[in-house]
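Order of writing sets the chain letters: A, B, C and D. Residues in each chain are counted from 1.
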Amino acid sequence: MPADLTLTLVMEVASGILIVAGCLFFLAGTVGLLRFPDLYCRLHALTKADTLGLGLIVAGLVLQNPVWPARLQLVLIWILALSAAATVCHLLARSSLAAGIEPIREPGGSSAGVTSAGEDR
Amino acid sequence: MNPVDLYMLAGIVITLIALYAALTRAHLFWKVLAINLMGTGVFLILLAAPSRRTPEIADPLPQAMVLTGIVVAVAATALALGIALRVIARSGLPFLPDGDEEDQGSGGSAGEASR
Amino acid sequence: MTALGFLLDAAVVLLLVGLATRLLLTRHLFEAIVLFVSYGLTLSLAWVRLGAPNIALAEAALGAGVTGALFLNTYQRLTERIGDGPKSPLLEDDGSRDPPAWFKGVLGGGVLLLVLGAGWALLGAGRRPAFLPHEIAARLPETGVQNPVTGVLLNFRGYDTLLEIAVLVAAMAGVWSLDRGSRRFGRARGEPDEDPVLHALTRFAVPVTVVTAVYLTWVGSTEPGGAFQAGSLLAGAGVLLTVAGVLPPPTAASRPVRAMVAGGMAGFILAGIAVLPLTGQFLHYPEGWAYPMILGIEALLTVSIAVVLVELFVDVPAVPEPDPALESVDPSGDPLGRALRGKEGS
Amino acid sequence: MTEFELWSTVVIFGPLLASVVALSARPALLRAGLVLGSLSTLVGSAGLWRAVALYGPGRHPLGGWGQPLGIELWIDGFGVAMLAVTALVGALTSLYANSYFGDLSELSVRDSPAGRGARFFAPLWLLLWTALNGIYLSADLFNLYVTLEILGLSAAAIVTLAVSRQATVAGMRYLLVSLIGSLLYLLGVALLYVQYGTLSLEGLAAIGPSGPIPAIALAAMTVGMAAKTALFPFHAWLPPAHAGAPAPGSAILSALVVKGSFFILVRLWFSVYGGGSPEGLILLGVLGSGAILWGSILALRQVSLKRLIAYSTVAQLGYLFVMFPLLIPEPRLWNADAWTGGLLLAISHALAKAAMFLAAGNMSYAVAEDRLTSISGVAHRLPMSFFAFGVGGLSLAGLPPSAGFVGKWLLLRSAFETAHWTWIAVIAVGGLLTIAYVLKVLRYALDRDEAPEDFRPVPRRMEWAAALLALAAMALGVRALELVELLLVGGPFPW
């Protein structure tokens, strides 16, 4: 039994670390959304960081959950969220380019960058 | 304080501030938004308060009522937004004219104008 | 764990009240709509915390999802109409039309009193013996399903659910009667979107969504799920197909669409009437028939609900310029008479 | 299967099924839907009337569960009387609507602004009819909420079938009032469920609600329902909505729809709360008196025909609330005269107001205008509509032998018995004002000797529908005894 107990403990700790790391990515993504200068940078921050964060949290939860179908479901959720985020990001960027919104070229950005997420369309 | 109490109090607060907003915001879209929020406030009361009073067993009846309420709210929102768009199409503005204005309008001036 | 749970609850509640207040106070329509969707998603978190996963699903799909999409779609029509002028009163409400301060003051005072009164009354209410929940739990086996919420919705109180479908149909007929007709949405059939990514997502996501919807309908009898959640999922797939140009937009002009909208309700009523000679009461399922009948009704409802939701989403018209003929107060108060008269005159 | 179970199924699910048929929106099927809806409600309510007269109040446990687990329909005299008058008004209005909208389809529906929307009048109206029948039979708080929502959505949609700016704005305002009112009602339902853990009206009546939470609940529900019933001072939405709708819609809204929320108020205050509080009843009576006076004065000042009739609805609804304090003159005592008198007024108002709106619809159909000055001389060309309007108006004013007369007389008698002189004065002044505004219309209609030249013939069926309704309002007074007997089955406290 001690071997099992150790395994469980290791799994618990690993799971905790993964989930906390995932949350950190979400935090980073949110900070990026609020602080980045233009739509394209924000999309980048949101989709990349959040997808990775979700992946880490899913991995942590898979370690915690002993049931195989539930683990598969969790992974399926991640795959679906991943594909939806990627597609939506692509569509948003494409329609913004088509609408004539120019990406910012220089680091630092222009004055337009300080508007909050709610105000740009 | 019990967490369920928190949700119940939030329900009361949201219901009533949404009612206030529905009556004081003139813009039609905010009225529709506020009515939606008012509904969710009532749903919070409906779900939190009974489970607070009988914590020993989950009560499926409020859940069924809230589910029905959500569907009704979607239906009402769709119709309200449709009519609001027509109000904008007719008058160019997302507001309802004052009741008095409307009252005067039907009788005298507009009738004359149509002659 | 309880302390952590309490912190989470407190955070959710504060977020809910904060989002609601901000959304009701803001003057920018787009911000309000975004806040509304965030509010809906936070609310579904609250439903999970309150032990109501059925509602959490419905709230995320319908409350935040479909309603948010309806608002965004309508917003899109407004921006099309005014072009690039962001200061239009359509999108920015400066509050100049709001009622006078005295009205706000009186109403605000009344509302405050009501909040305090209701809060005091409800917090003061003590425990009471629960009769109905025990009764429902005891008689659930007779309903033919194991999910108590489904049992209430489709058997104990099936009549309410039938009328709830009637509410949806009434809203649908109302929207149709606004006669917005066959506005082209997305692309016409046979003219697929040139975007490969959207196309790939459609091909991948639609089958997955349909399978999930079927699963949700079927699992609703034992676990969280059911016709409404499944219907809104299916509606998501339908919207995707319409946007990608695979399906023509459903309109009132199409007879199959009308048949599918009315079909769920018709099937429900006919099932209720069919059992009358056997059991004597409307919707009183004969013994052993409850489960198959409920499943059949749920399947029909899922399709109906999906079609109604797609239609409500897709069929939002462009807003025309005010028509002078219709803008002025109609002197006859009776447009049909006037329309006829115009006909005769010409 | 009892008679109650059979006929209540027919009366609710007949029109619901008919709305499915009508949703197909082919002209032939639209007609089939209206016929199916009318027949099922007429037959169903006749069957229920017979059953109630034979056996007293009855019930229909839907799904076989019975309250409190499931939903029950409760069939008593009050509900059946409302069902019957709804069936009569509804059937004749359907007949009218068939010509009113059908006429349009011959003229190529596509080209007129309202045309294609008008195809949805029949399904919307049949859904509305279902909701009304559902309200009159329901014995469950939450079920009433769902029926109220069907009623509100379909009624607002019917107002916006008229495409003018005025009608659209009125429909929007109506929808908003209706939604807020329903949510206030739902808030009350939630509070009552929190307190007592049941949704059954019968169960609540057995408990006898009292205490702070039920009091707040009753207040919320009363404000919500009063707003939907357009009780003074919540009446501002009503005149533009009722005047702006297409003629058959006006008749339905004014005669029938406002009675739905009124019915719920009566059920709540008396059947469930056992009379509520005397102060509350007097407050409702005072608001009713305000409605009678204010509505009548505004009706007198209108220059548009349909608006005058709409303001008259505001005034007439006031009488129904004067019934509230008269019904319970002392705690634990109810006055049968006030009960039958008030409800007879509700019923006769339904018939008379439908007749007046349909007749007004005929007149403005003929001259394509709605102003009082433009209908001058119409009486010569449309004698039947003129007759319908006059008879309906006299019934409204309470002249014998109309049903309005019997109702007012009973109400006055109950006020005399308990020496409530204020209410007597209000009822009397309201009657005089009613006569004044009815005569005002009649004077315009008879104004000129010759008929107006610019005149479009009105389909015979539309004239007949209005005239038959007016005759029914008159004849009801002659046969009022049967109705009084029916209304006493169950009385205000059925449980």
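Couple of notes before you dig in:
What we mean here is this: a contact is a pair of C-beta atoms (placed from the backbone, for glycine too) under 8 Å apart; a residue touches a chain by one contact, two chains touch by 3 or more.
Because the structure is predicted, anything quoted here is derived from the model rather than measured.
The interface with the greater count of contacting C-beta pairs, when B-C is set against A-C, is B-C. Averaged C-alpha coordinates give centres for subunit A and subunit B that are 34 Å from one another. Look at where the CA atoms of subunit B average out and do the same for subunit C: the two points lie 14 Å apart. Once the centre of each chain is set as its mean CA position, subunit A and subunit D turn out to be 57 Å apart.
Averaged C-alpha coordinates put the centre of subunit A at 29 Å from the centre of subunit C. Annotation for subunit B: residues 19, 23, 45, 49, 53-54, 61, 68, 72, 75-76, 79, 83-84, 86, 90-91, 105-106, 111 touch two or more other chains.
Listed for subunit D are residues 142, 146, 149, 153, 156-157, 160, 164-166, 191, 194, 197, 243, 304, 307, 371, each touching two or more other chains. Counting partner chains per residue, subunit C shows two or more touched chains at residues 114, 118, 122, 125, 128, 130, 132, 136, 157, 160, 164, 167, 170-171, 174, 178, 326-329, 331, 333. Taken pair by pair, the chains that touch are A-C, B-C, B-D, C-D.
Of all the residues in subunit B, the ones that touch subunit D in their complex are 15, 19, 22-23, 28, 31, 35, 38-39, 42, 45-46, 49-50, 53-54, 61-62, 65, 68-69, 72, 75-76, 79-80, 83-84, 86-87, 90-91, 96-97, 99, 102-103, 105-108, 111.
In the complex of the two chains, the subunit B residues touching subunit C come out as 3-10, 12-14, 16-21, 23-27, 29-30, 33-34, 36-37, 40, 43-45, 47-49, 51, 53-61, 63-64, 66-68, 70-79, 81-86, 88-95, 105-106, 110-111, 113-114. Partner subunit C is touched in their complex by these residues of subunit A: 80, 83-84, 86-87, 90-91, 94, 117-119, 121. Subunit C contributes residues 114, 117-118, 120-122, 124-125, 128, 130-132, 135-136, 139, 155-160, 162-164, 166-167, 169-171, 173-174, 176-179, 181, 252, 255, 258-259, 261-262, 265-266, 269-270, 272-273, 276-277, 279-285, 326-344 to its touches with subunit D in the complex.
Across the complex, subunit C meets subunit A through its residues 28, 30-31, 34-35, 79, 195, 197-198, 200-201, 204-205, 208.
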